[in-house]
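Please read the structure below before turning to the comments.
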Amino acid sequence: MKVRTEILASGFGGQGVVRLGQIIGEAAVKEGYRVTMLKSHGTEMRGGYVRSQVVISKEPIDSPIVENPDIFAALSLAAYNSFKHLVTRGIILYDPAFVVEIDDTLTCRQKPVPAKDLSVQNFGRPVFANTIMLGAISRHLDVLNRDTVLESILHVIPKFHEENKRAFEIGYSLFNGKG
Amino acid sequence: MKRYLETGNFAITEGAILAGCRFFAGYPITPATEIAEAMSRRLPQVGGIYLQGEDECAALHLCIGASLGGYKAMTATSGPGYILYADPYGWAIGCEIPLVILNSGRVGPVSGITGAPGQGEFYLTRYPTQGGNYETIVLAPNSAQEAMAITVEAFYLSERFRTPVTVLADQLITDGFEDISVPENEDEMKDMGFRIWPRKINRGPNFYPPTDEIDIPPVVLGHNTGALCSDWTPTEEGYDIEEVEAHHKHAHRLIYKIRNHRELFSHLHEKKFMDDDPDLIVVSYGTPSRVVNTAVARARQEGLKVGALRLINLWPFPDEHFQKRNKYLVVELNWDGQLVREVQRAAGKDSEVHFTGCCGELPTVNDLIEIFEKILKGQPLARKGWQLEEW
Amino acid sequence: MDYLARKYLRPRKIPSTACSGCGLGINHKAVVQAIYELGLEVEDVVWGTSIGCAGRQTFGTWKGDGFAGTHGRVYAIARGLRLALPPEKKIILTVGDGDAFGIGLLHLIHAARCNADLTVIVNDNLGYMSTGGQYGWTTPYGSKTDSSPYGMFEQNLMSEGMDVLNILRYAGATFLARHVSMDGYRVVESIKKGIQNRGFSLIHIIYPCPTNFGSRELGTRSPLKIYKWIESKAAPLGEEKEETLWATGIYYDASNSRPEFSETIRKNIERIRRSTAA
């Protein structure tokens, strides 16, 4: 494994961005990694978007700042435009329901994860979009076992266990192999 | 040992409880509110008391009262609340009352930006009250895990020196999540270097001896020791007195009990890549130091002979680190430069002292490396359109 | 006071450094007398004081443990201390009008709000007299002081039918009384009741300051004249006359009717501790 793995998630309030970071962070703690997770949120900061920055490492983590994410989960157009340039070697997973305009000039890989629409299709409401996105992230995250991520989801979200398991599977099976 | 993904607020709360804190008075303020919330949840579980003050000034006075009654007590706030401590802080210094005060720095002046980190209180924590004639103890952790350890250490020092100790953190430490290990028994605490000093009771009659000695038990009321404590200059017994000689003795004690026991702080720093006499020493404290550490490690890979010095003990200021003529770069979370003034003073005229600041967010590794290169090449510094100050 | 002084007070602080003719000593003696009549010993009382004439002159007089808070904050300190001391220890505070009703009013209200078991003796010399005589929050309308050379014309807590004791009553205090120093044994009785109330008690006592209030407002430093003047402006509750500024006696007595602060906190903590114990 490389020295550190960086995950950035950003969207607007109420999408569960902080929770998403927390779930990945908890899974990493369970697997014995050192973890940092910064959350910035509130309308008082940076135009109202919420951001989670997760760093996972075998070694103690110095800078907790995500400067070159391995995975960037973009859950709003504003978030996408704010942070897309950070991604050079990693991948952007975006929800096309919110990120309606893709920057073709970027050299990094970009993949749509229609989490909101899939949640509405499968469960009749959008609340499981976050778990679907987590499934997609998990597929692209080689440092964490998918079962540990799922376990963390069920731990952090005490309700709707069956739905969350299914949602995770939907997101996970959107892609073949480790991206 | 139990491991959690938790915030610095959690870590500080658990550290305080491990240190024997059983009284916390707070007042809601971002980003220290969650410490108050965690204390309100945790303290009653261990038989401790959580109170909400009518303001921060009251909160620290409540802590003073509780400490005077024998409790290990703590409060937590951010800059706008810390300034309301000026009144009780001075009282606690003068009456030599053990207390722990956490300040989670945000962006000022005044309310500024509530949800972002800042380091605007480097000097305020040195001079938290009026009048002078005292020394203060201030410790600055740079992670949630270390914030737990430093909280424990702050309680330890506050008892031995009988004085309030400020833990200066910032929003990224208190609000940020990290993997945190909490010791579950005394052996594990020892393994983590946690030191505990129990509360003792001064039996008098000389409650304020004119000496720089430490380990003198503090005043505890309610044991009929005849203890007196007040806001006035005390005689050795605690009577109020308006006399220059008595004041001199008291001031001497308040200053030199701390200055003459620097060995208790000397371990509270961190050095990286400092063994080979680096060409540039990057000085910082708190969360910026984490970016500095990453940047310095990467700069070394790129062949730049750079070292990192992180201060954990900010006050009394550790002059000993700056005795050698060198190039220094001070990295702070403010635009005005505070720590840099002290480094410049301690380093003397022969050294070259530079400053780079930002506020509300951490500097980036790339920006820092660029600055290292420029300083080492003797080029003028400029970043993001800001002309850096010449120090 | 000889016997009481020997029993309860520190020789170093007797006689006090108060100005000649100051009425504070009368109030101070009334407090000690009340303590004596309740059969309390030195170790039963922790004595707190404030800033100003009343605070400074009474600080360190009590033979037992004592403290003096910064200006206006002694109520918050005492509340923290209340939680740390056993319930049977009495906390008595001798403070001034500026301390209690000005700078410390917020903290005083919160001490009343939670019915903290404290007995607060507010020694009111009608303004800020230790700083030379400026008007305060109970200074009678029209009084000349160094900061009201044309007569005090600001609204305050004792003008236009307002009464600071109303504020405290509705904030939750359970025993409130008002006196002038010359009320004699009636003062002692009220203080005794205040100490016996397991809750927040406040006894407001107007006392004469010949040096500053007397000389500015009454044009004389004669203790006799200011004593007479204060007496003439006081009348027992229910017997007020037109010129009455201070209706004296027990203003409100709901002693032991509300749960006390430290008892409430302890009870709840014990309940939570038991219910959360693994």
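We call the chains A, B and C, going by the order they appear; numbering starts again at 1 in every chain.
Just so it is clear, contacts are C-beta pairs under 8 Å (C-beta built on N, C-alpha and C of every residue); 3 or more make two chains touch, one makes a residue touch a chain.
The shown structure was predicted, so the numbers you read here are calculated from the model rather than taken from an experiment.
The interface with the largest number of contacting C-beta pairs joins chains B-C. The innermost chain, defined by the distance from its C-alpha mean to the mean of all protein C-alpha atoms, is B.
The geometric centre of chain A is 62 Å away from that of chain C, both derived from CA atoms. Taking each chain's centre as the mean of its C-alpha atoms, chain B lies 39 Å from chain C.
If you average the CA atoms of chain A and of chain B, the two centres end up 35 Å from each other.
Residues 12-13, 42-43, 46, 49, 51, 56, 59-60, 63-71, 73, 76-86, 89, 106-107, 109-110, 265, 268-270, 272-273, 276-277 of chain C touch chain B in their complex. Chain B contributes residues 23, 25, 43-49, 51, 53-55, 57-58, 61-71, 73, 87-88, 90-91, 221-232, 238-240 to its touches with chain C in the complex.
In the complex of the two chains, the chain B residues touching chain A come out as 3-5, 113-116, 172, 175-179, 287, 290-291, 293-295, 297, 360, 362, 364-366.
Chain A contributes residues 21-22, 25-26, 28-29, 33-42, 44-45, 61-65, 67 to its touches with chain B in the complex.
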